[in-house]
């Protein structure tokens, strides 16, 4: 009897471990947009030029109306946005943290919406 | 007086016979390395990489040898299980170290199941285990093809388009494993004198070595030793011979699935239908080159053998080119050497076994005679 | 009546019956899935002729107690040398075929003799070692094919390359020289290669007759009970060597027959796997590791080649996909596996009787 309980616990432990590994190992593709977008009758304007850093990674420069793609792994992320002026000086910097679910394989991040505080700044890519 | 000199002669000749295969390879390497003209740094780096790549697989051969099952060509089954695990984690988009471990977890049930079936088949073919496991490898390869080339995409859902063939079902021939490339090798980077060393991989190998040493001392390990030496005696001692034999194959197959995943994370590309095919032959050849035999194999044999065998592997084509002007000869020589090694090692082992049987028979006869002679 | 049926089932064994019925069902299904029955039958008969002698080559060694000849590639290599030499000398037609055989036989005897000496030293592990002797020799010859001094334009690499080509066509030499002897052609679809089948029959007769001579019976004795044979004055080791030589020679002849029907000489790694269909053939025919008869050869080759030919074409047409390669792997290896794991049960059943 005891042996079966131990075996059952072991199996449960392995299943939990698998779920854990799946979650922290899942790769998500983020499509980062610097585009004007209208959400719920409010419009969020694109910036002229911005730098985006994902989880302290490499600098991603996105000019107006452009989209760049970046891969991230796991559920928890930090995005840092540096808004630049025409001479590439940093006007202001903003930091956001967000979570991804394992089903979110491909997501569109609209930075203007994010900066403007809209709730739907990140949506799934159909 | 005569006994002493006889003993000395036989001790020396026994050393040469017992270690004929490794010695052959050392001699070959001594000749071929200068011919090949490759730098020592290159060779050392190559050997370290290959040790990291193959050690786990070769070590997974040891336990069946203890149990008297001979050389387990069935590790190919474990390799296939490992590959199926990798197909899934690639499909699900998992990367890095979590992907590595998840692949192992997914492959495990499949590897254990295949190992169990192989064990049952081998129990039905006692005395012919090696040929049977060899053919079993081919048979399961056919089933693997059926599942992966025809079943995946239709019966088994695959969502990641890049994995699937243009015709809509079946997995592609080559899968880019950049999701796990080097995830273990490069985990703890270390470089000595310009030579990269995959520390984490070697740690995994070390853990396996410790496991094998510990396993030999457990009851199951001792049971396997007993079964390996004499099945009847073991059965009389109350050991479940059939189950012990099956367990040895199950463990070996499971270890091989891990070994194949380690192998592939080093190489970075999976040839869906080929990567596993030569694994059995290469691993067994390496073990034999290291001085192991069908009845006796140790961890030393594994490491020593990998270095010698792969030295030949890397050096032969270049040496062939220098000697004969054609690298192709060197490549065929490579194939020839791999198989000839196995043939020679097996032949020597069989010859030695027969000689011992004869010696035992002679002793029995002289012992039977001498009582009457003494009287 | 029931007694006779039961005896037949016991003698034939369930595996063979099941496979035979399966093959029959494939033949019956063929027309329904748009596979031409007559072409299929022709196909099976041609394959039967191609492989027959190679399967026959298994018999001497099994009877002699050396186990299944996984080292058949050694004999095949002798045959390849004979074939290539015959083409080198520009020999055509039936004469070309016979000369290829004549060239091959001395080589086969020599190779078989050495192989036999080796096997005598490793009694008890013959099959595994045979396997690797076969592989190593194919690899070794692969090096040789690059170096041997053959000059025929039809055989060496074009553009001044060195060494022989991988595949050499015998179309201008002795292609179908046996097949086309006394062919029977019925309609557009049925083609019976009388010459080849006749040759196979003659070889079977010769082997059968050999085993009824003094040497042949001595060999069988040496194989079934070495101790008893030795006590009766039979030189067991010599018998074993002769059995190996015979097997190797038959292998050499067999591959030349195969090539004249197939149309190509396959060098380098061509012969690598060729022992397996031969082993599968004889095991399927009911032979064991210790005993093989002519009936085993004929029935086994027919069943095995029949399944290999029919299963892919019928199944491919049923599910509209080309799975032939995969099916062939599963079927042939499955059969060998089955035979390898069954043999013990059959033997003990016989002993019990």
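Order of writing sets the labels: A, B and C. Residues in every chain begin at 1.
Throughout what follows, a contact is a pair of C-beta atoms (placed from the backbone, for glycine too) under 8 Å apart; a residue touches a chain by one contact, two chains touch by 3 or more.
Remember, predicted model here, so these are calculated numbers, not experimental data.
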Topology of the chain contact graph, where touching chains are joined (line, ring, star, complete, other): line
Chain closest to the middle, measuring from C-alpha centroids that were averaged per chain: B
Chain located farthest away, centre of chain B as origin (C-alpha): A
Distance from chain C to chain B - Cα centre to Cα centre, in angstrom: 31
Approximate Å spacing (C-alpha centroids) for the pair chain A, chain C: 64
Centre distance in Å when chain A and chain B are each reduced to the mean of their C-alpha atoms: 44
Chain B-touching residues of chain C, taken from the complex the two chains share: 70, 118, 121-125, 127-129, 131-133, 135-136, 139-140, 142-143, 146-147, 162, 268, 276, 289, 321, 323, 325-327, 329-330, 333-334, 336-337, 340-345
List of chain B residues in touch with chain C within their complex: 121, 124-126, 128, 130-132, 134-136, 138-139, 141-143, 145-146, 149-150, 294, 324, 326, 328-329, 332-333, 335-336, 338-340, 342-343, 346-347, 349-351, 353-354
Contact set on chain B toward chain A in their complex: 89, 92-99, 101-102, 105-106, 179
Complex contacts: residues of chain A adjacent to chain B: 14, 17-18, 21-22, 24-28, 73, 105
